Each structure stands twice: as structure tokens, then as C-alpha cells.
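In what follows, chain A forms one complex with chain B and a second complex with chain C.
On to the complex of A and B.
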């Protein structure tokens, strides 16, 4: 018995040390380089109409997907010339070795056909390294809608690979500007987020300002001057129906919807003072939110509707403040040098975007909702009016160039920048453009 | 009777000898290791691979060889050409390296009062980000992050002492995986973003089997992001293989657990 006990003891002494515990290694860093993705041209089925083949719709859809993913800054679409496998076979069963060879980590394949005058687009997203399908969907619509289908596919791919909603199936409303600087013709215009499908919503007879999308539908509010009187309008993009919300005494600024789309918040200027008001769109009741001798403007609701951020010069110069939606508990959140304006609450609720003027330059930046963690994303001669993409990752704003005394060399363009501050891109428009506003997802 | 007394005496001597060798080591405090700097570097096994006292190690190795030859039989040392490190050090690492170099190269520059200060106080006094933070508000965050990362985390401490890999081996592996892991940027950073993957490896570092340990979370409502994160971690492992594992001691690392934590990166 003693011997057995002794042998057990010996075993513990020797072998406890020689057996190995499971090695754990903490990986706390990764790379933020864009993910290499291959978007194979969508295969057009032979029985499909000749029209589809003529406009090479399969190839066009894949190009739109590629462009969307590239512009997000999170993906690196690979050159199509390097693809080994043909689209029709790739869609059935990709040869993953071929796609690994060109360093693709994800692959998009698909096919297009027309049945009963309906366009059917099918796509699959593949994980090349795991050799498995990640998502497979089919969309049926009218043939003219093929661009939108491409945007929807982009959103699905984006969400599946990044974990957050996409922002490609969206629209941007802006003020189109033409003519010399002192005689600008300003029209309300709308386009897809990639700059395609531009449509003008007003004729340019009246000055239009600050268009803003309703976050819940395709309704827009904007300001226009009718016989030199400011009016706030509501416009339904789907139906084209337009209505006047009201004529307001004095100057009205920056109308914006509440998160539920039932109210408009704006500022009225009267007797040299400007305060913030809300209007209930159903009852048309107006409620005063701030009552201060200082100038309070540019209000924007938090996504839960409980708070409002705005800018005010009540401290002596223009800074950003946050208050409850009933106007109580006003707190100043910016204390940095310079002038802060146009605060806009992120749809995710975690950040506030703003314009800052400091030492003769304009900056677009973001900060946390308590004013901490200020990050200036971009600097330029003149830029302002940031508007969030629906997923809260990208900002769109406009930038003006310096002009001569007669207005020569002047231009106004739309730009987008993501939260990293590195992915800044020009958004092509048919004319000069200003005051953009990003819609929520259409689908 | 005589035989029993003889055997008993011999066993007692062995026990006393072993106790004399083993227990002092076991009572030793853990080695106070410096913070891990994740750069793929040269072999420094001689410095870091000192889990046993030299004498005890010799004896234990000798006994091990006699009693069991399984380890060396299963994983014969593989001759591998020395490769150039292909992972570029991240800017933070370069910064850390530079800091260390400056200290070594210019010891005279340190003021006498700082020389007397403790290590902790030195950091406080010489943290350039702290000073920069006083000038620029935007640096405050960076300064806090640096201070945080300077501390040895519990998991790092655990790894460096009990993992069985030397610091250079562990860092080589980490650096390789850092380069392969594309972190999905859309993850909600106020959630638990830890994915634990258990790997079974071949002796050349090829992955035989990978298993997500918290697999149930993949299908939990409201945890859709976890699937995206877990897939990205698996992609990293597949992209990286064969993993840069040590050439010897297969038994030690044939099973490996990688804890992918995106919180640190996404929260900044």
C-alpha cells in the first residue's frame, strides 16, 4: 500500500510538470486594411432578352457593387482581369483555389434573367477561405430598377462582412447651384448616393435652402423664399405632393425632422433674437423650446428623441449645447478654441458631427455626446453642413472654393468622409452642389 | 525485512532530493517579466525560456528522457531555414522601440532627480503624450491609451508564465495573426467582442481542426455581430496557416487557443 502511495506521489511530482496546459494566446490587434473581395460579373442567362445583353446588365451590376464597396473604404475589389473562373460556373460552384490564388477573401457571384417582363437577379456571397456560402438572395423587380438591385446587393454584402447596416440603397437631396456667384440659381435636386439618377424637384425660381430628409420615409422638409418671405415646405418625393408648413414671422432657419418624423424642429429669428421651436405636423401646434436672449440655432434631435443638440452664442461666442427635448437641463459641451456650429446627432446616437471655424479654416469633426473625444476629420478653406449616412459611419458635407472679387473660380462640391478621416471622396454632381442631406435606407 | 528497509531508505533519499530540488522552485515568485512588445524578432529563448532552475531542469530532463521518450518521438525537431521577419512592426511598436533605444543610448540625459524616482514615477514624468496632452486636447485620449497598454494585463501575465511558449515564439505567432486578421469595423464596440477559437495543429503549423468555443452565441438573438466577428477570426487563422509555431516541442502547442478580442481596437 505504501509503495503504491509512494508511486502516486512520484507520478505527481514528475508528470504534473511534464503535462502541458492548453496554451492561450490573446489576439488584441488586427489590420484595418480593406478586405480583398472579388465581384464576378453576373451571368446573363441565354434565354433572357437581348436588351439585357446589350446593356451588359450583369457586368454593370457587378461594377456598381464594386464601386460601392470601394468607396466605403472597407473593401478592396480585385481586378476582373485576374479572375480565372467564368461567371456562370463560378455562380454554381466556385473553384475556391482559383479565387485564393488571387488573394480574394470573399467572392460575389450571381445571375440575371428576365421572366414575364420581370428582372430576376440572384446573388451569392462566398467565404473563399472557408469554402462556403455566406448568403444567397434573389430579387425580382422591373427591368429598369437594375441599379437599385445593385445597391441592395451591396448593402447585403456590406452587412454580412462588416456586421453593420449598409448605406448604398439611399438617396441624397441637395441644393443644385448654377450661374455666377452673385446670381446663383438654386434648385432642389435629388440623386442616388453614388451620384446617379439626378432629378430636379424645383424650377429655380425661388431660393431654396436646407433640405432635410424625414428619417422614417421619403418626405423632405426645406426652406424657400416666396416673395422674400421664408416658408417651410414639406415635399413627398414618392408622390411629388408639396405643402407649406407655414409662413413664419421673421427669419426661419434649418428645419429638421424629429426621429419619429412627426415634428419639425427649427429656429425663428424675431427682433434680433433667435430661439428654437417645434411644430407638430399633425396638429400644427408650435412649441417654444428655448427662451434665451442669445441666438440659438441648428437644432438636431438624438435618435431616441430625448435630447436636442444646438448651437448658441450664450457664452459669448458660438458653441454647441445639449438639452432635454423639452428645453430643460441645458449643458454646454464644447469648450475648445474656435467657433462651433451645425451640430448633427449620429443615427447611432454615440457621436455628434459639427463644423468648426478656427484660425481662418473650416473643419468637419465629430465628438462624443458629452463633448469629449473631439476629432477633426477634414480641414478646408470653407466647408460645412455635415449629414450622416443612415448607418452613422460616413458624413456628407459641401465645400466651397475661394473665388476672386467677381466670383471667378468659385465652385461648390459635395464630399464624403468616413469616421477614420482617411476615406475622403468627391461626390460627382451634374452642377455645383451644397447643403446635402442623406436619406435613410430605401429598402 | 532487510530488503524493505533498504528500499524504504532509497525511496526516502529520492523524495528528500526531489523535494530539495522541486519545492524551492515551486515556492519561487513568478518572474517579473517586462510588458510584451509585439514585434517579431530573433530567438531569445536562452533569456526567456527559464521556467526551471538550471540544475533542476537538467535533472528533470534527464529523468524525462529516461522515463518517457514520447515527446521527442512524436515531434522530431524540424529543420527550418531562418526566415526574414515579414511582418512590419506597427507604429506603436516602433514608437516603443524608439523609446527604449533612447534610454539606452543617452543615459546621461536623465536628470538626477528622475534617476532616483521609481519606475512608475519615471513613466509619469517622461510620458511625452502626457505633456502633449496639456497642449493639445486631442492627445489626452492617446496618452491614456498608452498608459493603459504599458501595464501588463492579467492575460499577458498568464500567457508569459504558463503558456509554455517563449516570448519570442508567442510574439512571432501573434505578429503573424495580427497581419491576417481584418477586423470588421461595423461591430458594436459596447458589446463583448471576444471570440475564442481552439485549434489542433500539425507539427508544421497547419490547422487540422478549428473550433469556436462559444458557438452558441452565433445563433443567439441580438448577437448577429458575433457571427461576423467569429468568421473574421476563422478567416484570419485560415489565411495565416501554416502558423509560425516553434520548431520543437510539438506536444506543448499541438492544441492552441486563440482569444480574438476586437474591443481594444474598436474602442481605441
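On to the complex of A and C.
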């Protein structure tokens, strides 16, 4: 068993390696050779309610898993038309020769039933070449949660086959945009990572910007122009209760939570100068972190809470700086050509993602925390504000298009890209969208 | 002979048309060119007036909040008008163009609005009468994506608050 897993591991590493070797020759997106996987529709047991069968929940769950795996860029889900075995029999004991024949290397099977208003989903992951079971798990939940079950299964499969935590059972908070460019209506919106279950958290009566989750995903901090007083707010997603947290005589903006969720770090602008402050949410104690006549903004903590990266124009132009969380030991880390903004510390702690502006183009890139090893992942007319997937493998950001003289052709959309610079994808949203922020894993 | 004359006439007409069209093209380019000096908008398009002869806005160069000579002239007119109209309070809105990151632009708009406020204060207007708000890149006055549009959007606008 161990040997076989090691082989699979080697297989993944091998293909990952070969993709690095290809970088200089071929810049097409997602040319990594993905692992062929068959996701059998989940068998719906006959005693289940008619409703469950009507929405074809077994087949729907398998499609969600396939879509998640496909969009990660690491897997190639095979066409269901080529599947020979029936879902219920495959789930009991796959005929591995059949699956080998269609070149599947991994197989996902499962079954679903409803008893006493509880949805029970069972799934198994099989190693086709070794003819062995790799995972067997069962989940019981309320029937309306069936999409989440599909995401949790996707995370289990991803983790088992890549060795890394997944990021499918997550949500994205963003700003939904509508209306003409000079009078945009903006609302806070939240959706599942795959674009399902969109909900609006504000009505669009006032301008809202830059929402970010707290570590437990129950609270959001954002900026609102409510009553023409631009301030940092706190919103409880479940109760809908909103409160001002940065009610200083001036503008508060660019908020983010500390990794322990106890503080909000933000910029406070007054008299033409922006500095960085923290507010303790329990004691309401305010601490000034930077004190400089230049603009200091876009602060982001390291995952251990010991450091802060931020954006400052103290050198004359926007550059990225790192300091201790008490504001001491400030070091500039960007010295490349162009100007830099929106630094965000990776959840793994080893990288900082940023926006770079150079010769009329906007880039999303990553660098080590000392500023070395800069890699630009994507170039565009306008894009900014990267946010990390909880496993630190994918970045989500937004793009705006160039518009005509009357604002025609303008759009704002969400995109994701792999840390490798491959697998760039549009994230579909119901309206135009900007300022995305990725939650941590919900399970 | 006749043929030659008509040929020459045709040539003249073509030549004249060519010169005219060249002129037209030249004046349009010239018009746009004179609207931006260096990187700062100096035209009158988009400008509104607080009162006769008192423009409501000043323009800035990319990433800058320095007031140009023309801007200072405009703000002295605003200050004079505010001295005469003591009951009126104003809000100065600071704006940035779309070619920057959102958060930095909010700070930049605030810096521009305060540069305007500070100048009005040096000409005797009490700071209590001047509120300041930054919209960053959120409220462009020109929705286009061109150097002209961006130059018109890098602005601070003084509006009556009461």
C-alpha cells in the first residue's frame, strides 16, 4: 500500500517538476499534465425520498467534485459516458480493469440516502492501478447541505492525492458592482468558492469596499461610506449586525483582522497623512503602529502575528515594507522596477503576494518575505488586490477592463491563478465583482 | 488646353481639401494637447463654478498632491469668495484616477483634498468651515480610460455643504 502511494506521490511530483521545466518554452495556461480521475455518480438508494431523486443529488454531487478537481488544474476528470460500471456496484467493489481501460488512475464512488430527514453520504477513493481503497468516509448532515458535502469530499480527495490541504469547502466575500462606471452601486456579497449560493449582505445604498473575513469566517471587516463618513466597519454574517470600529475624526480604511482575530489593523487618514493603527476588539484599545508623514496603508499580518507587511510611499513612490507588529524595525523589501502595492502575507508564511505597476501594466506577483525571488504570475491592463486560498496555493484577485470615452466596455471580474503562474481562471459571479477575499476552510 | 485647365482645377480642389482636412486634424490634436500640461489637466471641460469666475476644482499630476500655479490661482478665488460668503461651509472631495490600487488611492485622494484645504486656510478660511472626504478612484468624472480622462479625474472639488 505504502509503496503504491509513494508511486502516486512520485507521479504527481514528476509532473509538477516537468511543468517547471516547460515554463520557458510554453506559456500556455494549465499545461501541467493533470491526474486522470473518474468520479462515478453517487448511487441514490431506493429508500430515499422522491425529492432527493428528483434533483439527481447523486449525480449533482459527482459533478461538483469533478468541477472542483478540474478547476484546481491538478486533475483531469474523465467523461462519464466512458464509465462501464454502475454506480452502486462500483461503490461496493470496482472492477479495476474497466477503470484502467479508460485510463483512470483514481476513482471516486459513493452512495446517498435520506433517513429521518438526515442526508447520509458515503464515499470511497480508489487507487485504480494498485486496485486498493484509499479513503472510505461517511457524512451525515441536513439535506440542504448537500453542496457542502460535495466540497468536503473534494477536499478529502485533493488532500489524499496531493498531500496538501484542500480549499473547496470555502467561501469568497467580495464587492458586487452594478451601474455606470461613474456611479457604481456596490454591495457586499458572499458566495461559495465555486460561485454557488450568492447572498448580498448590504443593500447598495452606500459605497462599500475591501471586505475581509476574520479567521473563523463569522465576521467581516470592510469599509463603508455610510452617511458620507468613510469608516471601517465590522459585520456579523449570521446576525447581520454592523458596527463602526474605526470611528476616528478622519477616514479609516484598508482593514484586516489579526491572525488571532482579536484586533483589526487599518489605516487612519487625517490632515493629508495616512498611518497604520490597530484596534483591540475586546478592549477597544487603539494603538498607533506607524508614524510617518508618508502614506502608510494596506497592512497585512504574518500568520504568526509577529510581523506586518504594508504599503508606503515614504521613498517617493509606493513600495512594500515589513516591520515587527509593534511598528519597530521597518525594512523596505521591494527594489525592483515599477511601483508596488497591496502586499498580502501567505497563510504558509513564506511568501508575500502583491500588485505591481510597471510601464502601464498591472501584475500580480509573489516574493519571499525579504523581497527576494520576485515572480510575476500574470500581466493585465488593470488587476489588483490578491487574496490567498487557505492552503496558500491559489490567489484570487480582480480585473478591470479598459473603457471607451463614455465608460462603455467597462467590467470588473474575479480571477484566480495558481502560485505557479498556471491555471488562470475566471470566477463567475452574478454581477460585476471586485475586492475578493478568501475564507479559511469551513470544516 | 481645356483639359489641362480642368485637370489643374481638380488638382487644386484636391490640394485644398487636403490642406483643410490637415488643418482640422491639427486643431483637434492641439486642443487636447493644450488641455494637459505635463501631466496635469489645464482645460475647462468638466469644471463647474461655485460662483461667477470661481471654478470649483483643481487638478493634480499622477501620484502627486502638489498644487500647480493655476490651481493656487483657482483656490485664491475660492478663498476670496468664501471670505465674502461667511455663512457657507464647504466639503472638499479628493479623487484619484483609476490607474492605482484602491486603498492607496483612498489615501491619495485624502492627501489631495487636504492640500486644497490647507491652501484655503492659509488664505484665511477657518478649518471648521472645510470638511474633507476622499473617494479614491470610486467616483470618476470622466468614465473613459485615456490620459485625458485620468487627468480630469485626478482632482479635488470644492462643493457647498449647506
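In the analysis below, the second predicted complex is superposed on the first by the 409 of 443 C-alpha atoms of A that agree within 3 Å, B and C clash if a C-alpha of one lies under 4 Å from a C-alpha of the other, contacts with A are read in each partner's own complex, and residues count from 1 in each chain.
Just so it is clear, a contact is a pair of C-beta atoms (placed from the backbone, for glycine too) under 8 Å apart; a residue touches a chain by one contact, two chains touch by 3 or more.
A quick note: this is a predicted structure, and the numbers were derived from the prediction, not measured.
Asks: Touching A:329, do we find chain B (first), chain C (second), both, or neither?
Replies: A:329 contacts neither chain B nor chain C.
Asks: Should A:105 be classified as contacting the first partner (chain B), the second (chain C), both, or neither?
Replies: The answer is first: A:105 touches chain B but not chain C.
Asks: For A:81, using the defined touch cut-off, is the partner it touches chain B, chain C, both, or neither? Pick first, second, both or neither.
Replies: Once the two structures are laid over each other on A, A:81 reaches no partner at all.
Asks: Which of the two partners, first being chain B and second being chain C, lies in contact with A:35: first, second, both, or neither?
Replies: A:35 contacts chain B only, not chain C.
Asks: Who does A:238 touch here: chain B (first), chain C (second), both, or neither?
Replies: neither
Asks: Determine, under the contact definition given at the top, whether A:400 touches first (chain B), second (chain C), both, or neither.
Replies: In the superposed model, A:400 contacts chain C only, not chain B.
Asks: Under the stated contact criterion, what part of chain A meets chain C in this complex?
Replies: 180-184, 207, 209-210, 223, 225, 228, 230, 250-251, 253-254, 267, 269, 271-274, 295, 297-298, 311, 313, 317-318, 341-342, 355, 357, 382, 384-385, 400, 402-407, 410, 434-435
Asks: Would you mind writing out the residues of chain C in touch with chain A in their complex?
Replies: Counting only chain C, the residues touching chain A are 63, 65, 98-104, 106-108, 110-111, 113-115, 118, 133-135, 138-146, 149.
Asks: What part of chain B is in contact with chain A in the complex they form?
Replies: Listed in rising order, the residues are 11, 14-15, 18, 22, 38, 60, 63-64, 67-68, 90, 137-138, 141, 153, 155-156, 158-159, 162-165, 170, 173-174, 177-188, 198, 224-225, 228-229, 231-236, 238-239, 251-253, 255-262, 264-265.
Asks: Would you pull the chain A residues touching chain B in the complex into a rising list?
Replies: Chain A residues touching chain B: 6, 9-10, 13-14, 17-18, 20-33, 35, 74, 105, 127, 129-130, 134, 159-165, 336, 373-376, 391, 393.
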